[in-house]
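In structure tokens below, several structures.
Look for chain A in each of the two complexes below; its partner is chain B in the first and chain C in the second.
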Partner chain A sequence: MQKYITQQNLNTLIDTLIASGTRVVAPRMSAGIPLYEPLDSSVEMVTDQLPRRSAKEAFFPVCEEIMSYEKEGQQIKLTDIDPARFPETVLVGVRPCDAAAIPVLDAVFSWDYKDEFFLERRRKTTVIGLACTTADDACFCTAVGLSPAETRGSDLFLTPLNGGGFACQSYSEKGEALISNNSALFSEPNNAAPLPLAAPQADKIDLKKVKSWLDGHFEDPLWDGIAVRCVGCGACAFVCPACHCFDIVDEGTEKAGKRRKSWDACGFWKFTHHASGHNPRDLQPKRYRNRIMHKFKYYDDKFGQTLCTGCGRCVRVCPVGIDIAAIVEEISKK
Partner chain B sequence: MPLTSQPIDTSIYATITAAIRSEASRLFTAAEVVAIIGYAAARRVGSAQPVIITDAAAAETLIFTEACVNNLAVYLTKAKKEIPKKGKIGIIVKGCDLKALVGLMGESQLKREDLYLIGIPCAGVLASAVQPATTLTTETIASKCCECDVHLPLGCDFVPSVTLPPGPQMESRYSEEIARLEALTPAERWAYWKEQFAKCIKCYACRQICPFCFCEQCLCDRNKPQMVETTPRPAGNTAWHIVRAMHLAGRCAGCAECERVCPMDIPLNLLNRKMAKELKELYDYEAGFEINDKGPLTMFTEKDDQSFIK
Partner chain C sequence: MCETNKNIYLPYLTTVVEVIDETPDVRTLRLVFQDEQVRDSFAFRAGQFAEYSAFGAGEATFCIASSPTRTGYIECSFRSVGRVTEELRRLEVGDSMGFRGPYGNSYPIEEFYGKNMVFVAGGIALPPLRTLIWNCLDLRDKFGDITIVYGARAEADLVYKRELQEWQERADVRLVKTVDPGGNGPGWDGKIGFVPTILEETAPSAENTIALVCGPPIMIKFTLPVLEKLGFSDEQVYTTLENRMKCGLGKCGRCNVGNVYVCKDGPVFTAKQIKAMPMEF
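Let's turn to the complex of A and B:
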């Protein structure tokens, strides 16, 4: 279904949804930085900057409680979280690189174990993607086969038009339902030209070639060369739209506490630290190798997909300037 | 923010680059060092990244530009496992980086004789390397550079002979912001930090980039027993940032790497500067100037303020 919506009507849609009790998550300024967060009003939405963290946290929060416990005498009471209580959500203004990562994550969260925390939020969320009009030289969506107009992962996709408003295309039943439930706010498509989209400079990388090199180079001097500078923080993984590792810890006292799930990162030394004291990834190059292998080989082996959408966030935040686009390009030329 | 942004003359950086290349080449040829930790250009226009070179041929990759933001001293402590251990290591240091090295020597983490220090006469670096192709101005310069008292590092083995051009007057951003926060009520100040710490995702970039965070196992990583909540939630975030600030008091010399690398823009160096200010007022002590200086928080003297004992 193809429609047109004005900026004003998009704001009305957001405010109507909020008023009806729907959680609307969109980029807004939060203590000085843009983040995808629940809006109180449409006026808070900012779409001219890439949020610092990706949209994955709408489904996979930075930290969430998965269970709580209470102990009294010999009695132990465990209380599960009921995913049915997760709110209906509309995710608005999602960058194509963030939206494209969502179906990539579906594969792992619905694989051998069905992660109800992720999947229930996913079922209850409608994703409204927004074509990207700003890129910098850290962006490389085009290198991994996506583009600023990529619609993958979006239920509804908005393209900003010359003269204002957005061309609006639905890609799923959820997207169509959003239009038909709010049909007064949408009109028939017009002939206005789209605003010029972002043009990332990165050339397409042959990911098959990258994978076939990785298949045979678990041990290679490349890893030492790249990762000797890695200081072992989790910034790259935490800002990544596709990284999805998490840790589970019990926090509280003997009497009462909560079991919490929070983001983890393969760059941390503790990530593979065994209870025995042994650490199979004892040095940083081995940890960094895992980052590349997981994104461009293991995830492909398992799910036939690449665990990177070229958003460039890790390139921007790396404290020591490690540039995954440059690394993958280098591998593709080997 | 200044009313008008003024350019900062960095023309000497080209001369410095040439000088460090030839010195690095000489050091390898004369077998004086086994490795040199420096900066090299990366893919993005104007970018620089830390590099560890081990032969004269690689000397040509070394650069110094306004994008050379890193304090390379971090590679001499905890990350050292991957760095050659036998023989002298050359390291490129700005004045602010040298303060960290001095502190690390004072804490017996490094020995002066194991290092070959290549000092950089520095006019300043960018506040952030997120957009490396940025001209250095009074607006884009790192806040630490606005209050710099070590443009010319002293006591190095080699310093390129260049004359630092006089720079423009700059406002003291940290002092001004600390004064603003000090003027708030405790409740307002708490609200400010609560909002800042709420952004923390526990990526520990601040810890990993800090030359002084060299604990083999960080208290905040412990789980048997758990000392600090590890999850990124208000309680654990606040605890972590308080632990970090307190542990750096009297040690941090203000390289501001923690603040630069925070992907959530938490103004971490404000905490460090506030601690430094307290140390100056209480003990007339400034970190990073004297090797073998024991910080006031690591020793007791009878002159110490004891008014808190009641």
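Let's turn to the complex of A and C:
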């Protein structure tokens, strides 16, 4: 279904949803930083800046309670999570690189055992993607086969038009339902030309070549060369829309507390450290190798896709200037 | 969460019904599920592992050390080395403990029927083989010769001492126990020497035989060539891997060796599979 919506009607849609009790998550300024966060009003939405972190936390929070426990004498009482705590949500203004990462995460959380913390939120969320009209030097979605108009992961996709408003295309039943439930706010598509799309400067990378090199080069001098400066801060994983490694920790005393699932990073020394003292990835280059391997080989081996959507956040945030796009491009030329 | 949308991270509650000190720092806990329905329906296969909770400290990963043929309870054996295991060690009979599992693959025991079995273990690595040893002994007529080569640094470090005694006394088991040089006390009635050396000396026939090896990386490294020398092919040799884990469900991302997830693809692997993995364990 293709429609047109004005900026004003989009705002009305957001405010109507909020008024009806739906959680609307969109980029907004939070202490001076753009983040995907629940809106109180459509006026808070900012669409001209890439949020500092990705949209994944709408489904997979930085830290969430997965149960609580209480001890009385020798007995323990466990309290499960009520799925009612996951509200109906509409994610608005999601960047194509962030939306495209959502199906990538679906694969992880739904294969074999089902992680209902992720999947229940996923079922209750409608994703409205927004085409990018600006890119910076770190953007490289086009290098990994995506684009500023990539619609993968979006239920509805908005393309800004010359003269204002958005072309609006639905890609799922959820997207169609959102249009039909608010049909007065949408009109028939018009002939306005789309605003020029962003044009990331990175060259297209041959991901098949990257994968085939990685298949045969677990041991290679490249790893020491690129990762010896990595400080293991884990920031790259925390801002990544596709990274999904997590930790499970108890917070509380032996009497009572909560068990939480929280983001983790393969760059941390402790990530793979055994209680015995042994650590299979004891050095930073081994940990950085795992990061590259997981994104461009292991995930592909398992799910047939790449675990990177080229958002460029890890490049922007790295305190020592490690550039994953440059590394993968170098590998593709080997 | 309702049953159809089950919370995969929610443990079962168990009660500690027996505490056995194996060595000064290795303890076995016998656990019984508190929920009657779980108690009746719970099933696992030898080789599988679980996440054990000490509430307030977190979860730790160990194999299920008891045999699936012994129903009504499960056992785990662990060395107290970290925060969770220190807390698990504080548990007394009657205390509650969390259990998530069983997870991972298992020994293809049906494929071993009719074969001779050689178990080779070192130190604290006997529990992942003990589950299978008892599984085999409880189905004794399905197997040929059963040989167990087990060693530890010192006598005090040998786990399951009562069972070693039982195996030693059985006519249908050949137990060869050993301690490292200097690890023997005055009454020691076993061998003295490292496990690979003693295995070579024991020289079990490779014909129609499966070898199962579990131990510290250094022991495995020196044991595999001995088995090869004795004529074992890499398909005849099995081991179990352990890595730091959190979810046990193929999601949290830390137990992988190359593209192999120990929690889902393992923990049981053949030597052939191990040799195809990158050196990351």
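Assume the second predicted complex is superposed on the first by the 332 of 334 C-alpha atoms of A that agree within 3 Å, B and C clash if a C-alpha of one lies under 4 Å from a C-alpha of the other, contacts with A are read in each partner's own complex, and residues count from 1 in each chain.
The definition used in the following text is that a residue touches a chain if its C-beta (ideal position, glycine included) is under 8 Å from a C-beta of that chain, and two chains touch if they have at least 3 such contacts.
Being a predicted model, the structure only gives us computed values, none of them experimental.
In the superposition on chain A, A:A184 contacts neither chain B nor chain C. In the superposed pair of complexes, A:A19 makes contact with neither chain B nor chain C.
Look at A:D80: by the touch rule set out above, it reaches chain C but stays clear of chain B. When the two structures are aligned on the shared chain, A:A193 is found in touch with neither chain B nor chain C.
With both structures placed on the common chain, the touch criterion links A:V249 to chain B and to chain C.
Shared contact residues of chain A with chain B and chain C: 247, 249. Residue ranges of chain B in contact with chain A, taken from their complex: 42-45, 47-52, 70, 74-75, 79, 81-83, 129-131, 133, 195-196, 198-199, 201-205, 207-209, 221, 223, 226, 229-233, 236, 257, 260-261, 263-265. Partner chain C is touched in their complex by these residues of chain A: 66-67, 69, 71, 74-76, 78, 80-83, 108-109, 111-117, 119-120, 218-219, 244-250, 252-255, 257, 259, 261, 264, 266, 271-276, 278, 280-281, 286, 290, 293-294, 297-298, 301-302.
The touching residues of chain C, counted against chain A in their complex, run 1-2, 5-11, 13, 15, 54-60, 81-82, 85, 87, 94-96, 98, 217, 242-244, 246-247, 249-259, 264, 278-281. Those residues of chain A that touch chain B in the complex are listed here as 30-33, 35, 52-53, 62-63, 136-138, 224, 227-229, 231-235, 237-239, 247, 249, 251, 260, 262-263, 265, 268, 270, 283-285, 315-317, 319-323, 325-326, 329.
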